[in-house]
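Scrolling down, you'll hit the structures one after another.
Note that subunit A is present in both complexes that follow, paired respectively with subunit B and with subunit C.
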Partner chain A sequence: MVNLILIIALPLLAAFLIPLFNYINKKLPSIVVFLTTAINLLIIILNYNQIILEPVIIELGNWQAPFAINIYVGTLELISITVISIISLIIAFYNLNHSNFSSESKFHTLYSIIIAGIYGIVMTGDIFNLFVFIEITTVAAYGLTTFNKDKGYEAAIKYIIIGSISSVFLLMAIGFTYSAVGSLNMAVIAAASNLINPGLVRIISLLFFVGIAFEAGILPLSIWVPDVHSIAPSAVSSTLSGLVFLAGITALIKIFFNLFADPSLYVFLMIIGAISLIIGELIAYQQDDIKRMLAYSSIAQMSLVLTIISVGTKYAISGGLFQLFNHAILKTLLFLTAGLMIKYAGSRNISDFGGIAKKIPLIAVGFSVGSLGILGVPFFNGFVSKIMIVNGSLNAGEYILTFLVLFATVIEMAYYLKVIQTIFFGKISINPHKIVKSYVPIIVLITVVFLLGIYPELITKPLNQATGELLSRSDYISNVLGGM
Partner chain B sequence: MIDFLEKWSFFGGSVLLILIGLYGVITRKNLIKIFIGLSLMDTGINVLLVSLGYVEGGIAPIITSTINNNSYNFVDPIPQALVLTSIVIGVAVLALGLGVIIKIYEKYNTLDISEIRGLRW
Partner chain C sequence: MSLFYYTFIPIVIAFIAYFLNKKIKLSLAILNSVVFAYLFYQISRLYNQWNIPHETISYYMFDREIQLIFQLTPLSWLFIFMTTGAGLLIAIFTIKSQQEYVLRSSFHLNFAILIGSILGVVLAGDFLTLFIFWEIMTWSSFFLISSGEKKAAQKASYRYIILSTIGAYLMVTALFIIYNQIHTFGYNQVAAHLSGLPITESIILIIMLAIPFIIKAGVFPFHVWVNGAHSNAPKEFSPFLSGLMLKVGIYGVILLLYFVPLYNILKESVNYRGLPIFNYILAIFGCITVITGTILAIRQEDVKRLVAFSSISQMGYIIMALAISTPLGFTGGLLHLMNHMIFKTTIFLSIAAVIYRTKTTKMSEMGGLIFKMPVTFTAYLIAIIALAGIPPTNGFISKWVIYQALIDKGYIFLSVAAFFGSIGSFMYVFKPLSTIFLGQLKPEHENIKEVPFLMQLPMFVLMALILLFGILPGLQMNLINQISQLLNIQPVGFTLYSITGAFGKWNSLVIFSLFVGGFLLAFIIFISAKKSKQVGLMDTYTSGEYMDDPEAYHYAYQYFRPFDRVFDSFAARSLTVIYDTFAQNIVKLGNLFRKSIVTGNGQTYAFYMVLFIVILAFAGWII
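Presenting the complex of A and B:
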């Protein structure tokens, strides 16, 4: 077995060696990033069979459980890091050919750091480390946003202001938790959470929600999302939308299911999520800028995941998690293809993409596959998760929620099909700016979409196991603390 | 009264600092003033964290040849370690933010957020 801490350490090491490699050869940085992401995938595959049997806990510095800063990899974390490593590998491959930025090595340094931070958010078992990794991820993301010379700085300053305010609330939550429990270890907090005053638990959870929801794309705190996602380079938009949101939602799930399992909080999450879902879809419908549309659609999807997970039944949670991972794969595909179409047409407006499918068929097909997957058409991966979501909410007796999910899908259908209609049947009105080529990442992503659509057992079986682990907190506590 | 102040001044003062900072961030139009507000919020949260680990009459948690067992009244060292990390992160974000502000000023020749296009809220 290879030590799992390497998958955080390797990208960090690569990030700080990249300036040296850049000094040797300008082509090396992108290759180094590609190799580190590939090695990470390899490490996870080597460990897969062992983690699926029982969770792996790594205690740093050889201290014992309550004092150690630990890394906890259960089934949920395992699936998350597998998806993250696959997607980051694909984006790194895309960057090999497409990163024509003026300061390339800086871009690759920040990309490595953001990948390390995302792995850290998912795997850490210590709430202060969670804060540090969230800061690593967001600071790298601030930097990556500015790579667009057009409006990058304005989007970045908005992101920095909202991110700093949220991080203050997150730190406050951590401080109150520490003063109530006397430890920063997640398992110790989970074991002690029944002893804390329930009012304080509610305040702390609310502060945690404010601190992390900005990273997870839930609406009142995510007004930065459309600006940053639409302005950043498309490799960055897909990383932010696919991976950072995934990590944020995973952290929220860990806080609300492992740390403080208070059912009265779930109603609050459900209402916030449902409002954010409908508003996100309605704003996405009005957009003409394709990347803004995708960004609002991301907000809506993340809210859908949060809402459905807060129903709290086993079936609903696995449906929500499945949708979370599907969304990561599909949004990566959508942002990459949308970026290529923008490059080809030289415009961001959907109305300028008329008949683009005849010129660049593979990219148009990739975009359509992504859209149909989000809508949940049969044989695409979104179909199975949508069925699980609708079934899960019906079985739990949440009929209003079922109605809202279906209503949101109808709005989604309206704006995604509008784009597909324009790119396939619209009047050709473009004079191409440059020829764009990117076959491998798109074909790989399309294959993954169909693979999960036709053989959903590949992911539903580990997902059911992950849900079981989430719902049995005592196992989590005894795993980390060793039956204390 | 003095007892009350002694007990709550750290806590109330730090929360007050955070609220003053938040008020500044929300109401000011000047980017530099917004960042002063953010910086106040950071300071407030650091004071709050330190005050959570404060022990009445405690001494610094350092083991020396004379202070070498648990009978001494130490203050809690973990919040102080957290504050060090948080200060470093705060400074990094502040520096990055000011760097971006310089770039925005070069482009628009103003720091007023209502006059900067592409920054509509």
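Presenting the complex of A and C:
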């Protein structure tokens, strides 16, 4: 077994070495990033069979659990990091050919850092460490936003304002927790959460929610998302939308299921998620800018995941998680293809994409596969997760929630189909702005979409295990603390 | 061959052919024809093998394997036979007709997927399998409608998919409410569960299950998608849309009404005139569909829209007949279903042939094509004779059985609607006949030729079928009685050329001989009469004046104006407007959110955060 800490350490190391590599050869940084992401995937594959049997806990510096920072990789974390490693590898491959920025090495440095941060958010077992990784991710994201020169700064400033306010709340939450429990280890806090004053627990959980949800795509905290996603280069948009949101939701799940499992709070999460879902979809329908549309769609999808997971039953959680991972894959595909279409057409308006499918068929097909996946057409990966969500919410007797979710999907269908109709059946109005080519990432992502659609057991079996782990807190605590 | 392959062969072949098509033009159309021909042959060999065992495929979904069941019954055989048959004829038609059509390859890809998915829908042995293929069917047909050449195709397909999806989601919700109690999707188990529930609960679930089917069948009040979709779809797809897609909706209705015997479940609910209220309402909806479809069809200036509305009204007949749940009604419904598929496909194909040559769908821009396109004319003529329900065609027999069923049970209102629809159909089918084929030839159509043989072939086959089933309805009755047996319905007596109705027997052989005699007589008179005189097209109106818009003075324009005037206020009150207003209000709401929330201002966003915390805190999270 290879030490899992490497998958955080390697990208960080690469990030610091990249300026050096850049000095040797201008092409080297992108290759280095590609190699580190590939090695990360390899490490995860090597460890997969062991982690699926029982959670792996790595204690830094060989100190025992309550004292040291630890890395906890259970089944949920395992699936998350697998998805993250696959997607980051694909995006790194895409960057080999498509990152023609003047300050290229800086871009790759920041990209490496953000990947390390994302892995960290998912795997860490320590709340202060969580804060650190969230900050790493966010700061790298601020930088990545500005790579499109014109409007990037304005978007980044908004992002920074909201990000820093949130981090204040997060820090407050951590401070309160430490003063109440005397430890920053998640398992210790979980074990002690019944002993803390329940009023304090509610304050802490609210602060945690606000501190993390801004990175998880929940309105109104994530209102910065459309500005940033639409301005950033498409590789960054897909990372932010696919991976950072995934990490944010995973962190929220950890806080609300492992740390403070207070079912009375789930109602709030459900209502916030549902409102955010409907508003997100309705605003997405209004957009003419394809990337803004995708960004609002991301918000809606994340809200959907949050609201379904907060139903809190086995079926609902596994459905929501499946949707989360599907969304990561599909949004990567959507943002990459949308970015290529934008480059080709030289415009971000949907109405300028008329008949683009004749010119760049694979990219158009990639975009529509992504859309149909999100809409849940049978044999696309979104179908099974949609069915699982419906089943989960009906199983728990949440009829209104089911109605809202399906209503939101209808609106979602309305705006995705507008794009698909334009790119396939619209009047041809394109004069190619820039020739674009990208085969491998799109084909790989399409394959993954259909693979999960036809053999959902690849992911639903581990997901059921992960759900089981989430719902048994005592196992989590005893795993980390060794039956303390 | 395993049943499973029937659905997957077309889908897989479609993708292979799609990539081939980039190299060799037309390979898709030809390959599709070959595949459909093969499937058609295989399916025709399946006839009478009703004891083929179920087949299952496991699909891992929640925390268990879900079995997707495929089964063959006489009912599903009828539908797969019709589907592949119609698919084959249309694929042959498209080999020649799509020479200049840009979206050819996507058309064929989606068409083959559509055929596969319809086979899946009707071969499905449980509701989940049905739902999966139902969705694929909806999506592939959506892409087919969108690929129409007119600009309105996009809006029409949009309306179609949104409405279909709402229906599908109602169905999936109902299915999972049931699933969570019985943990299976099987038809019989679901039926048993529904009959065990309290009556209101089961009625709500049944309505949720039925709505997607009713939407697909184009029945009032969900008929709003039909005319747009039919008139804007590619000309080769309209025949299939009307001939088969609408019928798949009917298949679902049959499934619910008879296979999952709703009648037994609903018997104890409120009854009205011996019918459960659900059935009665369905019959009334059918009747409204007949009237609406007929009145609107008469008004149309666009030939495809006209035939589309006619399809709506014919669907009304079938629903009406099926809803009254008598053996005669069931038989009449199924007969009309088959016959409507045959003659409506013929009508649309002949119109597609006309469009192929004239490049227009406006009736007032055509005329006098009878001598230029005699085969197309004959096909259209025979098909409309069938549609209007005149012997010796198949359309008469099925309408006759439906009338018998309606009158037998004494449903006066329904019978009047049926007769109204029948008389109305004389009016609307005559309009294209007289304006496209009769009248005088337009100068620009002087050089038009008959369509190529490959396009004539499907029309010949369908014409032969119309007459064959008009003379020998026993061929169809044989299968229908097997279906009746399967569904525990008392069979209707028949011989090869006669059917026993409620008030007597219909002998089509005698009638056929009479009609042939009549035609011969008329023909002899026609031959011996004086030749008619040619008159200039616009002579009667212009009196030497200069005209801005000659089309408006063409006799085809507002053909039945006096009749239309009576129903003007009725036609203006369109359901479409209600649906559109609803959708617009949702869009407006979204716009409101966008304008009020997304200010693009960093300070406002920061303020939202604080406000959000305060609201949450006081809404009960903390206090």
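Things to note:
Here is the rule we use: the second predicted complex is superposed on the first by the 484 of 484 C-alpha atoms of A that agree within 3 Å, B and C clash if a C-alpha of one lies under 4 Å from a C-alpha of the other, contacts with A are read in each partner's own complex, and residues count from 1 in each chain.
We adopt the following convention: contacts are C-beta pairs under 8 Å (C-beta built on N, C-alpha and C of every residue); 3 or more make two chains touch, one makes a residue touch a chain.
Given the structure is predicted, the values throughout are model-derived calculations rather than measurements.
Look at A:Thr146: by the touch rule set out above, it reaches subunit B but stays clear of subunit C.
Of the two partner chains, subunit C is the only one touched by A:Phe425; subunit B is not.
Contact with both subunit B and subunit C is seen for A:Ile157 once the two complexes are overlaid on the shared chain.
By the touch criterion defined above, A:Leu417 reaches subunit C but does not reach subunit B.
By the touch criterion defined above, A:Ile223 reaches both subunit B and subunit C. Residue contacts after overlaying the shared chain place A:Asn391 against subunit C, while subunit B stays out of touching range. Of the two partner chains, subunit B and subunit C are each touched by A:Ile165. Applying the stated contact rule after C-alpha superposition, one finds that A:Leu184 touches subunit B and leaves subunit C untouched. Between subunit B and subunit C, it is C that contacts the larger number of residues in subunit A.
In the superposition on chain A, the residues of subunit A touched by subunit B in one structure and by subunit C in the other are 157-158, 161, 165, 223. Chain contact summary for the complex, subunit A toward subunit C: residues 157-158, 161-162, 165-166, 169, 199, 202-203, 205-206, 209-210, 214, 219-221, 223-224, 226-227, 265, 268, 272, 279, 281-283, 285-286, 314-315, 318, 372, 377-379, 383-384, 387-388, 390-391, 394-395, 402-403, 406, 409-411, 413-414, 417-418, 421, 424-425, 455-457, 460-461, 464.
Touching subunit A in their complex are the following residues of subunit C: 59-63, 103, 106, 132-133, 135-136, 139, 142-143, 146-147, 153-154, 157-158, 161-162, 165-166, 169, 172-173, 176-177, 179-180, 586-587, 589-591, 593-594, 597-598, 600, 602-603, 605-606, 608-613, 616-617, 619-622. Taken in their complex, subunit B has these residues touching subunit A: 18, 22, 25, 31, 34, 38, 41-42, 44-45, 48-49, 52-53, 78-79, 82, 85-86, 89, 92-93, 96-97, 100-101, 103-104, 107, 116-119, 121.
Residues 128, 132, 135, 139, 142-143, 146, 151, 153-158, 160-161, 163-165, 167-168, 171-172, 174-176, 178-179, 184, 223 of subunit A are the ones that touch subunit B when the two sit in their complex.
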